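First subunit A sits with subunit B, and in the next complex the same chain sits with subunit C.
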Partner chain A sequence: MAEAHPVGFQWVMEAKARGAKIIHVDPRFTRTSALADTFVPIRAGSDIAFLGGIVNYVLSNELDFREYVVNYTNAAAIVSDDFQDTDDLDGLFSGYDPETRTYDPTSWQYAGDEPAADDEQNPEMQRETASALQHESHGSGVKANPPRDETLQDPRCVYQVLKRHYARYTPEMVARTCGVSEEQFREVCEAWTANSNPDRTTALVYSVGWTQHSVGVQYIRTGAILQLLLGNMGRPGGGVMALRGHASIQGSTDIPTLFNLLPGYLPMPNAVEHQSLEQWIEAVSQPDAKGFWANASAYGVNLLKAYFGDAATPENDFCFDYLPKITGDHGTYSTVMDMIDGKVKGYFLLGQNPAVGSAHGRAQRLGMANLDWVVVRDLFEIESATFWKTSPEVATGEIVPEECRTEVFLMPAASHVEKEGTFTQTQRMLQWREKAVEPPDDCRSELWFFYHLGRMVRERYADSTEERDLPIQQLAWDYPTHGPLVEPSAEAVLMEINGFEVESGRPLSSFIEMKADGSTLGGCWIYTGVYKDGVNQAARRKPGSDQSFVAPEWGWAWPANRRMLYNRASADPSGKPWSERKAYVWWDEDAGEWTGHDVPDFEKTKPPSYRPPDGAAGVEGLAGNDPFIMQGDGKGALYVPQGLIDGPMPTHYEPVESPFRNPFYAQQANPTSKEYVRPDNPSNPSPSQGHSEVYPYVFTTSRLTEHHTAGGMSRFVARLAELQPEMFIEVSPELADERGLEPGGWATIITSRSAIEARVLVTDRLTPLKVEGRTVHQVWLPYHWGEGGLVTGDSANDLIGISLDPNVLIQESKVGTCDVRPGRRPTGPALRRLVMDYQNDAGLTTAHAVEDTKESQS
Partner chain B sequence: MTSLFRENDLWGPLDPSEEAGYGEDRPKRKGFFTDTSICIGCKACEVACKEWNDVPADHFDMLGSSYDNSHSLNANQWRHVAFIEQPKRLGDQESGLRQSVDLGMPVMAPSSPPEEQPPDGAEKPDFRWLMSSDVCKHCTHAACLDVCPTGSLFRSEFGTVVVQDDICNGCGYCVPACPYGVIERRKGPDGAKNVGIAQKCTLCYDRLEAGQTPACAQACPTQSIQFGDVEELRERANTRVAQLNDAGVMDARLYGNDPDDGVGGAGAFFLLLDEPEVYGFPPDPVVTTRDLPHMFRRASAAAAVMLAGAAVSFLGRRR
Partner chain C sequence: MARTFLSWPVLRQLTGADRLGRGAAVRSRNTDEITARTETADRVAKSVCPYCAVGCAQKVFVKDEKVIQIEGDPDSPVNRGRLCPKGAASKNLVTSPLRQTTIKYRAPYATEWTDLALDTAMEMIADRVVKARNDTWQDVDERGQRVRRTLGIASLGGATLDNEENYLIKKLFTAMGAIQIENQARI
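== the complex of A and B ==
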């Protein structure tokens, strides 16, 4: 966190000064570790084993926060008799189909819920469309009232299922799998549990590299299970904090840049399944479930009204037919493969540098070199604009500048001080930013670029009589502009996102005011309220010292300026704070309403004693002790009956590339991971395939404080570039000794995708670990360099292949295997020969990933 | 002789701005307290300093000395963050790297020859990673200022020591005078301003005049660099050392805070977690002009003797 989020780390230091204990778990000792009380070195890719071990410690010692667990989680829910766990099936859950490598989740349901309520999409299509991501704020779509055993004794209740599932995650197994000593592991267990009770809470903080695994979603799930068991969710000082990768990445999922989402986490309609507005709305609102998604028709209609304005009427389904529909995987990696295969014509890159920053750099660059055009909007001429003349593939002869067909349009972008608008940070808080100076020369804001691009496209189509051009012609695209640059008004856009009454123009103050009849419009229902009373709430800057510790008058957080989600859980089932020290929101009996330091995340006047009538669904179906109001059953999910592709509970699988067999089960890796099996995307073999010794070391990558991601904002700026001027590799003294690596000298790192070179930094901050009785060496690489900028170097992402988590299609880019040898890499065509030699030694002529999966079935 | 040098002019405790002739309405002495125990080595101070003061970037080579790539304080580096990796325990910290590592098992690399392995369970030494942001000390008794022949270096009303670029003639007398090796004449790079001129931290004199915090302290995310009234900072530093000692960090100590030290106490002082030499600080810096009065007295006496001798010789002739 200190490395990638130094500004946020000030709060960790402040907490430490007040007596908090900081534990840091990481493959290498970083600047975070330097300031932590305890550092726990871990083998990259073994996190579920580690956290699962803590879950086992909690459950086998009954250290869970029992009253919280019984009332606020699904611990008491009874699971179907048909469910079989990984213990029974040696690493697989029931319902696995080896042909499609997917699960039928019917047997995972709560008793009485089979067959699945969410069975309209087949699991293969769900993986293709990253459906779990579409449900990011939905929660699982389970039905409202499963059978329960509040004594938690029924062998089929979630609590007991969970307990059995994690029983084999013993301290010994943690040590064997993760390389963490039993002593250190116990210390973490004791610290975490001792600090989680009515009086105290523990926060789990991760940075987004944690998600970049073939089991990335299940990493986070394990953390969430632990925090639920210990009563750390919805309470001050607790939670699972995702530190986002850069400014406003939270905003770019809220108002998404993802292929399968529309603003406010409305799923992008599917061409086959959602042929009408009604079908689409029904799929979102899940009529049988509890919670606030029941109002999805209002959210969907308001978005369509924002898009198409007066043209959107009840008679034409509010122009639902104009929305693009998805048909499968249109994610960034499948798009890259399609580029290589010549199926893509053009590409827009906005502040993104995939030639350096995305997994499998060679595939990225070869793909871009096979387009008709690419538009790059950036502050500098980054590698994704120069790949055709400077990339490593030019040296190897794979790209010939004179013949490269791609036309590059480099558009200079305005920096964050040269434009106005909002950032949304990880706490879902929008902060308005003023323009400090005019952008120089031809530099323009994104808003300017897209507004005028849209305006000019619409001019081209203005006279068309083709029906297919109606969506462009009828798009509501009238924003006021100002100044010599004809800059669109960012506040007008924010106002549209907030929403207003169509007749009067009155800004909406809450999404509850949204109507499904077309009388209101709003571009992103969860952001409604940011322009409450016609005031830009995101621009509020009342100092923290002048208000309560929750600081509700600094910026604005969605939803409804609520600073902590699910905060009903900060009070006990009767509505009283769990303790004075941790009081946050509570039920005021006299006033008959919820009150407290934050905006209560609950219906204001629904008493804790409320129980829904039989058959109630939607908001009415939420009981007074159902704090997780976006979940189908109102409870925190220790066990996920549906919504995930790879299983209802996190299970340790080895990374796609690993020097070890899975110590827990015969099933080696995630059986459902999304693979692109093709010769230009090989995977290094794992032990069951033989030759894994060709790539004997584990590598992981991350960021340095001194650089920003793919370096587009740091390598081109002298005062930043000089801070870390060269690409390097960190190795332990033991590995340096084993491989003859000289401090300050060069090393070549080789995988089946590519080979790169780096300067050698020998440091005690990396240590060999003992895993499965063997010594494993891990190396670490920063990934900031490319051939452009003031300081140049090879790109670590060239080493990484494309294997994806099945739930959200994120790449496994934080763990892989490699070889390391002293000296510089060969240049020119000899570079590819070196990589091929290694591929031959590893027997990589066939597709391994799928075969391995099949093999482990037999 | 004594009338030329008042007590503590060049040695011992003193309010430097008062001594420089600023009146009763002068501001309180300003300085930095750099608490290295909470420095996270982000180098924001280095960048903020260079941006605000237009100090050029000129060093694009990796040093291989942990994460330190800026080398030292010099004309183009007014803040410098040191990184020290040590086989030593930090207070009660569990570094996790002390665990016994059994390297006696077969290694996985097929090509590596069998080699001598330490015995099973050999204990690795402990580990800690220290970071510290160094800066001009703005000494109470500043030799650079004392030796400057042009008056380019002056004592500001805030008690700080500042170079006036347009007066400095580049003579370089100040360079060897500094007991910390801070001040230096700028040698480049090409096109940079003030080449040939003595350069160092001004404690952001221009920002202080506008009531602003110096750029480095403003940028520091963890408040490792604290800016304020020296007197108050000294108290804060004492409290912090006591707090750390109570928490088991017995190595914590202050450097440069003592008005009775060799420079009369620094305006920028530090909380360190090891001996000063470890961070590249001189252990017992002494203002290089400390002996000036003494030398002056000696020289005067010698001159007097010579004059007397000369007089005597004339007297002899008259006789």
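== the complex of A and C ==
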């Protein structure tokens, strides 16, 4: 955190100054470790074993926050008798189909909630469409009132299921798997549990490298389970905090440029399940569930009205049919494979540099070299604009400029000070930026580019009589423009996102005002309120020193300016703060409403004692002690009966590439990971496949303070380039000895995808760990370099293959295996020969690789 | 003031009230004659750092229609005026002489860039979008399901852009039937 989010880290230091204990768990000693009380080096890829061990410590010693757990989590819910755990099936849950490598989750459900035969799930489709990402705010789609045992003694209740599941995650197993000593592990367990009670809370902070694993979602799930068991969710100083890495990556998830989502986490309709407005809405609202998704019809209709304006009417289902339908995995990696295979014509790159920043750089560049055209919109001449003349593949002869047909348009972009608009930062807070100056020359904002591109495309289709062109012709695209550049109004777009009454133009102040009859429109329901009372709330800049510690009048946070989600849980079941020290939101009996330091994340006048009538669902179905108001049962999920592809509870699997067999189960790796088995995407073998010693070391990558991701915003900046001028690899003194690596000299790092070179930094920031009785060396690489900019170097992402988490289709790029040897890499065609020599030594001829992968899957 | 032993700031610091040397003790006439360029700026825009997602507020100082300084905004409850090395270098980011400010075009099979006017480039891109859409249009997929889409146009990017921009990008591509629209959140 001190490295990649240094200014955010000042608050950790504030906490430390007030007595907080800081623990840092990381494969490498960083600037964060230097300021922490305790540093725990860990083997990359073993986090579920580590956290699962703490869950076991909590449950076997009954150290959970019992009143919180019984009332606010699903610990008491009874799981179906049909459920079988990984203990029974040696690393698999019940319902696994080795043919499709997916689970049928029927047996994972709560008792009595098993779906009827005609209500079958389609797990393969769910994986293909990264459906779990939609559950980011949908919550798990469970029904309202499962059977419960509040004594937590029933052997089928979630608490007991969880306890059995983690029983084998003992301190000995943690040490064996993670390379963390039992003593140090116990220190973490004791600190975490001792600091989690009515009077104290513990925060879990991760950077989003955690998501870049084949079990990334389950990493975060393990953290969530622990924080729920210890009563740290929805309380001040607690929570699971994701440190996201781009100025508005939260915003681009909320208002998604993502294939499987529409604004506000509404799903992109898929051709199998959502052929009508009604089917689409029901898939979101889940009629039997509790919570605020019950109003999905209003959210969906308002989006369609915002998209298609007057053309969207109740009679035509608000033009639902105009939405394109997805049929599977259309994610960025599958699209790159399609580019290599010649299926894609044109590609827009909008402030993104996949030639350096995406996994498997060679595949990225070969894909771009097989397109008709690429439009690159960026501040600088990044590598994704110059792949046809400067990429490593030009050197190897795989891309020949005279034979590469791709047209490239490098379109200069306006910088953040040359346009106005909102970023959403990592805590869901929108902040409006004023424009300081006009962009120079031909530089333009994306708002300008897409508004005018849309206008020009619409002109080209204006006279069409084809039915398929109706969505373009009827698109609501009349934004006011201003100034010499004919810049569209960002405030007008934000107003559309907020929503308003169609007739009067009155801005909506809350999504509760959205109607499903077409009388209101709004482009992103969770952002409704950002233009409350016609005021741009995101532009508020009341100094922090002039307001409470919650600072509600600086910017605006979705939803409804709530700064902390699920904050009902900061009060006990009766509505009183758990302690005075941790008071945040509470029930005011006299006023008959929820009040406190933040906007309560609960119906304002629903008393803690409220219990829904039998059969109630939706918002009415939420009891006064159901803080998790977006979950189908109102409870925090220790166990996830549905919504996840790879199991209801996190389970340790080895990374796709690992030097070790799974110490816990026969099942080696995530049995449901998304794989693209093809010759241009090989995986280094694991021990069960033989030859894993060819790539004996574990590598991981992360950021430097002085650079930003793929370097497009830092390698071209003189100050930053000067601070970190060269690509390097960090290795331990022990590995340097073993391989003859000289400090300041060169090393070549080799995987089955590519080989790169880097300067050697020998440092005890990396420690060899004892895992499974033998020593494992880990090496660390920053991933900021490419051949462009003021400082150049090889790109670490070239080393990485494409294997994805099945829930969200994010690649495993934070752990892999490699070889390291002294000296520079070969240049020209010899580079590919080196990589292929290693592939041969590892038995990765094409046929063998395919066969091996299949074998490892079964 | 002549440079004498008595004008040595350490003496002032040790003998005066400013023992920590953070105020009067370390001032000189030279100090007093310097004016920070932020004080003579024509205007200050309230902005936000474009790098990571912490969301540090910035003050962008403008003089003669040029950005002359970018500093952390002390009012912000997020960063309290602080910026990291990247945020502190963001003036260099936006004023860098390496920035592309005109269009570069690489024709098929070309070995060098050529220049293109903005209008021309926009017309060419619009033509290519329409052609790619028409050439790859699917009313139904191979199983006969209604999909009304194109798999011929893809897009990647958005995490460094504004919400309003992402909104228009998704809206336009969705209306055109392009679905392979992705950003860093998948990476």
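As a working rule, the second predicted complex is superposed on the first by the 839 of 858 C-alpha atoms of A that agree within 3 Å, B and C clash if a C-alpha of one lies under 4 Å from a C-alpha of the other, contacts with A are read in each partner's own complex, and residues count from 1 in each chain.
Just so we're on the same page, a contact is a pair of C-beta atoms (placed from the backbone, for glycine too) under 8 Å apart; a residue touches a chain by one contact, two chains touch by 3 or more.
Owing to the predicted nature of the structure, the values given are computational and were not obtained by experimental measurement.
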Which of subunit B and subunit C A:Q425 touches, first, second, both or neither: second
Partner chain(s) touched by A:V791 [first = subunit B, second = subunit C, both, neither]: first
When both partners are placed on the shared chain, which of subunit B and subunit C touches more of subunit A: C
A:V7 touches, of subunit B and subunit C: first, second, both or neither? both
First (subunit B), second (subunit C), both or neither touched by A:R825: neither
Contacts of A:T705 with subunit B and subunit C, given as first, second, both or neither: both
Touching partner for A:R719 - first (subunit B), second (subunit C), both, neither: both
Touched partner set for A:M411, first subunit B, second subunit C, both or neither: second
Residues of subunit A that lie at the interface with subunit B and also at the interface with subunit C: 6-7, 10, 705-706, 718-720, 723, 790
Subunit C to subunit A touching residues, read off their complex: 43, 45-57, 60, 62, 65-67, 70, 72-80, 82-90, 92-94, 96, 98-113, 116, 118, 121-132, 135-137, 139, 141, 143, 145-172, 174-187
Sites on subunit B touched by subunit A in the complex: 38, 40-44, 46-47, 50-51, 56-62, 64, 66-67, 69-70, 85, 87, 92-97, 99, 101-103, 105-110, 112, 115, 124, 127-131, 221-223
Of all residues in subunit A, those that touch subunit B in their complex: 2, 6-7, 9-10, 13, 17, 29, 31-41, 181, 184, 187, 659, 693, 696-697, 704-706, 718-726, 728, 734, 737-739, 743-744, 759, 761, 763-765, 767-770, 773-777, 790-791, 819
